[in-house]
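What follows is chain A paired twice: with chain B in the first complex and chain C in the second.
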Partner chain A sequence: MTTQAIGTSRGGIDAGIAVRAYLAVTGIVLLLMMLFGFTMRLAQAQWINIEPNTFYMILTMHGSGMVGITGLSGAAVMWYFVRRHVPVSTGVFVANLVFFLVGALLILGSGFIGGFAGAWTFLYPLPEHSGGLWSANAAAFYMLGLLVIGVGFLLLHLDVLRGIISVYGGLGAGLGAKQAFGLAPEKDGPPPAVAAATMASISNIVGIVIGAVVLVLMLVTLYVPSFTFNTLLAKNLIYYFGHTFINVTIYMAVIAVYEILPMHTHRAWKTNRAFYLAWVLSTLMVLTVYPHHLLMDFAMPTWMLIAGQIISWVSGLPVLLVTAFGALTNVYRSGIKWSVAAGLVFIGVAGWAIGVIPAIADGTVIVNSVMHNTQWVPGHFHTYLLLGMVAMMLGFMAYIGGGRAPSRLGPAGLWTFLIGGAIFVLAFLAGGAASVPRRYAVHLPGWLPYDRVGVIGAGLVVIGTSLLVTRFFLALRSPMSGDGIR
Partner chain B sequence: MRRIARYKLLLAACVAWACLWLPPLRSMLESDMTLHMTVQLPLLTAIGVMLAMVLRPHEPCWFADADWLGIPGVLLAIFTTSLWMLPRMLDLALGNVSIDLLKFASLPLLAGLPLGLSWPRVPALGRAFLWANLISMLATMGGLYLGAPQRLCAYYRLDQQSAAGTALVAIAIVLGLAWFIVLFIGAPSPAKPRSADKSRINERFGWGASHTFPRS
Partner chain C sequence: MIQNTVWDVSIILMGSVAAIFIGVAAGAPVALENYGPAIASAYRMRVWLFILAAVVLVAVNWRTLGELPYVSASAQGTPGIQRVDAVGEQWSWTISPTHFTVGETAEFHVTSKDVNHDFALYGPDMRIVTQVQAMPGYTNILRYTFKKPGIYRVLCLEYCGIGHTEMMSDIKVAAAKSVTGKTP
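Our next item is the complex of A and B:
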């Protein structure tokens, strides 16, 4: 069991305020992005009418914004808990938030002022071939926004790894590699938060460095179109960066499970050889699994597609299994007194575990060739991101803002979020199973029933999240709540 | 470093400088774009780093104070190396001996020397960020050389330009892997922080008594 360690850094910045600022920004941006998503589902259901250009611009903002805000909130979870074990800089943590806000403004400007609608994937050479819908400057603002956000995350992850190396000697020790291979006693291994933060930081640094390369190259090609490079290589680099970044958000958020559940069950989270092995294997697999996004690219080398499929089947499993099994054993017969925070992080593990199943199905070439451009894909990724990652993050928010928040808001928000989320993702998955395409602004009449059920789910998700975020903001008036348990 | 060792290092730097300038080696290295960019330029910078090791004991206090966190020195080194990454500058150096002389003077004295003097003053996070940026920028430059539609240097063929681009990308990958392996293995020392270590870490990171080191 650990206790709160919130102090003031040498720069005089209060860590508690910094964490709350992260969560406040997260709450606002998350709700804004959810409203964008709700708007798109309303338009697909033909309950409102928006121009296709506007739809694709909103799609771009929603995708980029959600990836960014889950990254930011995951970073808050990781930083808050890892600083209990290693020294990290509050100044760098705050700098990441500032970089994020500047980058977010550039991205929002590129969309709402410049009309950029090239999707979060910004696949080369689409940004420079807009057909007159947006200018090179708008695309450049979008990419600069991503670069600025990347710089902030790079600094944060480097600082976390610096702290881990200063205490544990190396990244291998931070990951528990020796314990994983039976070369050192399990009891000497790092705490779960440190192992997870090591994995997340290694993976994200690699992804961000590769993302910076492709972003700078694409910025050059925007203004000097005679510079060209291999489009398939560009797609590989973009997905390496994008897949790694969004995947790591879950691995950062899962730290909340390792820390918050044991506080409620009064049982320490057991780490053993299997736990450390899972994190070592996941580090390798997260960095090599991205080709499953390119299964439909026939020009890809066959060995990469085969590797992508096989790694995709097993990539998420090691950490998921040890986490799900650990959560169940931690809770089972513990006499746990459930709180909103504990409930949400537990739902998060379930959402993650359930969402992986349709994802694995889609990671199979023969299924992918039929399902990849259908709503099956947003169905599976919304399951493990919305009901998995976001649930864990909302659990962390409830934990931090436990304090004196009104008691009814939390349970009402939790149940509305859960029921709405389930309806929302099932509508996507059912639509995908019925071959409803994804990313279409205009839907055929036969697809509308799925869209309309999806609208109801999305609406409930927005209401549930609003209640939980409101609860957090109301609790901001109280001092930092310590263990946050209610 | 002892005085004799410093003299030996100074001698080695001067000999290396002269050897790189003399025609056989210079002609060989400058005849190929890849060798020019990935061997000659880094070696000239390395000579400056060697000079920095010799001069560091004689560095005046005001200079060290002015070089706050190593930022001015590192910036000077970045600007100088960036200049010599431009294809136009490579062309000028090949076509004009005085520009080539400028290259031989500026890379050791305005890139390697300030880098060598300032690097120890750069905080660990700054050094890590510079490494990450170097790797990223090398790969980007490589990508640009590979993607350029025409020859960027009048003195080098298109195939040499592509080879230079591939070499830069390869160096970026090797540097990235090497950095990761070194950090992954790390120091053979402590597995877990003891309480004594915690106070040492607090001190090292400049956290005063007000900071509660996290309890694990």
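Our next item is the complex of A and C:
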């Protein structure tokens, strides 16, 4: 297997600078979106007063912005590590960042100028039924923004797969399919970063293409009112895209765990048959489990909903029994000297594994009947996104740029983030168990205690994340510091 | 109530996983001299964990998939069941009838005139008892047998624009008529 010389620049742009640019954009956007989230929580707690139209606009921006930025930073993790094993283009990587920034501007414009508040799931036909709140043009800008971002990701994933095929000969080989089914020796399998990148790229390409189809159809309906299409079909396509994209962010970020923990424990990440099998099965499941978003759509074929429940349950196993188990055995009595980077990626695995539990519960039809679209849902997804994906990504950030930063900042940030995050997600989950709906700008008096505890947790998360991001920016001043790429 | 069970079980499982991570992290700085046997026994433990997970998975799915809320088309119009029409639109519900007695089964025919809404039925204690999506172009059928007297409320649980939180509507459920002469 070829190992590309680290630090070589292709297309005239230095890879190290490109990765840092991704992370710098991530740090800023992440903090901004967290402030939006904090604002919503304050409004729900009735400690500040904002109009519902502003609340829903912020909700739309927070949802799209967070999903986008986790996608972007996940791509940075994937690209950085997969590049050690296969040739990839820095030009394409940078192009994705440019597409992202252009798309983000369109989306921010649609919200802050056009007042678009159709939520990041832009459920057809809501974008064209705003009740006078936003114009067709605002909705169109939003959708164009998503399309532009999608194009960038499509190019990046195609380039990664091209690189993987050029070294391993095929996508099955990149995933370790032969190893998974015992047809080839485990030791000849691809490294974890390559298996994960293959899975993430295949899945995201499928999801983005489906998302592009529904976005284009909806753009047409905005301007040609006589053209309509089936609302249930639209819902299927939208959730297919949304589910896949947001899940893939975790599958990309987890590469940071596979790479950073072993550097600290001096034990290689065990890539055995179960590992490859988990990735093969995860690919299949991430592409088929989306009907769990439609369990309350009784018009769906019942067999699809039953399959949605069963696949939801099964898809938890690879996470818990392979990645979480792998991280635990890798760290167990290893003599590790904990660093901020290692601590954060370890928290990330825990957050992912813990968040999967309430998610699986909600994927059960009879539970979904009483928990669907309550705050149980932001409760579980903030657990595996904030305490899972984002923790892994902040770990990567600390690894790339934390080497020479002031020593106190990191640990203080880590603990504040962790404690605040736990309070924040538990407040959502408790609210959900008490039937507090999600996406409500105005809360009933009985719901306020949950919201107020949530505000405290959210505030701590914002502080903790600010410290960690500051640490990253301070380290940028010392040229190419830390243990990152030179 | 399902919510309480789900909360309890989730918190116990989440707490257990968290405890394992904390325990391993706290003990990790002290290196184990001989990692080989420890790892081997961990992987043996994983086989048992897998078997346990598989058993739980099959049992829970077997049990819960037997109680699906989906009403088959052939079962519609069963005698003794009160048909109720529920139509959502931006931003109100039209529901009729809205008065029931405890023990009565309502069959809600739920649809929407414009965008996606969600018909969520809250009990007198403001906990959700059941729900179904309200979609333009589709009529979803949801059955519920009222168990407690009081005011039930219908809330919209699918984001539908600026008036989303205003889509609240009341349903009154009277106590069952006491059948005189039957009390022992």
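In the analysis below, the second predicted complex is superposed on the first by the 470 of 486 C-alpha atoms of A that agree within 3 Å, B and C clash if a C-alpha of one lies under 4 Å from a C-alpha of the other, contacts with A are read in each partner's own complex, and residues count from 1 in each chain.
The rule we apply is simple: contacts are C-beta pairs under 8 Å (C-beta built on N, C-alpha and C of every residue); 3 or more make two chains touch, one makes a residue touch a chain.
What you see is a predicted model; the values in this text were computed from it and never measured.
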Since both structures carry chain A, what do chain B and chain C do when superposed there: clash or fit? fit
With both complexes overlaid on chain A, does A:Leu284 touch chain B (first), chain C (second), both or neither? neither
Comparing chain B against chain C, which has contacts with more of the residues in chain A? C
Report for A:Val442: first if it touches chain B alone, second if chain C alone, otherwise both or neither. second
Of the partners chain B and chain C, which touch A:Leu161 in the superposed model: first, second, both, neither? first
Identify the partner contact of A:Leu476: answer first if only chain B is touched, second if only chain C is, both if each is, neither if none is. neither
After the superposition on A, what does A:Ile463 contact: first (chain B), second (chain C), both or neither? neither
Mind computing the angle chain B to chain A to chain C from the CA centres, in steps of 10 degrees? 110
Could you say whether A:Gln309 touches chain B, chain C, both of them, or neither, answering first, second, both or neither? second
Scan A:Gly169 for contacts with chain B and chain C and give back first, second, both or neither. first
Minimum C-alpha separation between chain B and chain C after superposing on chain A, in Å: 14
Residue numbers on chain C that touch chain A, as the complex places them: 2-4, 6-7, 9-10, 13-14, 17-18, 20-21, 24-25, 27-32, 35, 38-39, 42-43, 46, 49-50, 53, 57, 60-61, 64-65, 67-71, 90-91, 114-116, 118, 120, 122, 126-133, 135-138, 140-142, 155, 157-165
Spell out the part of chain B that touches chain A in their complex, as residue ranges. 124-125, 128-129, 132, 135-137, 139-140, 143-144, 146-150, 176, 180, 183-193, 197, 201-202, 204-208, 210-216
Within their complex, state which residues of chain A touch chain B. 2-3, 5-10, 83-87, 89, 92, 154-155, 158-159, 161-162, 165-173, 177, 184, 188, 191, 202, 205-206, 208-210, 212-213, 216-217, 220-221, 226-229
Note which residues of chain A are touching chain C in the complex, please. 52-53, 56, 117, 119, 123, 125-126, 129-131, 133, 230-232, 235, 265, 267, 296-299, 302, 305-306, 309-310, 313-314, 317, 320-321, 324-325, 328-329, 331-338, 343, 346, 349-350, 353-354, 357-358, 361, 364-367, 369-374, 429-430, 433-435, 437-442, 444, 446
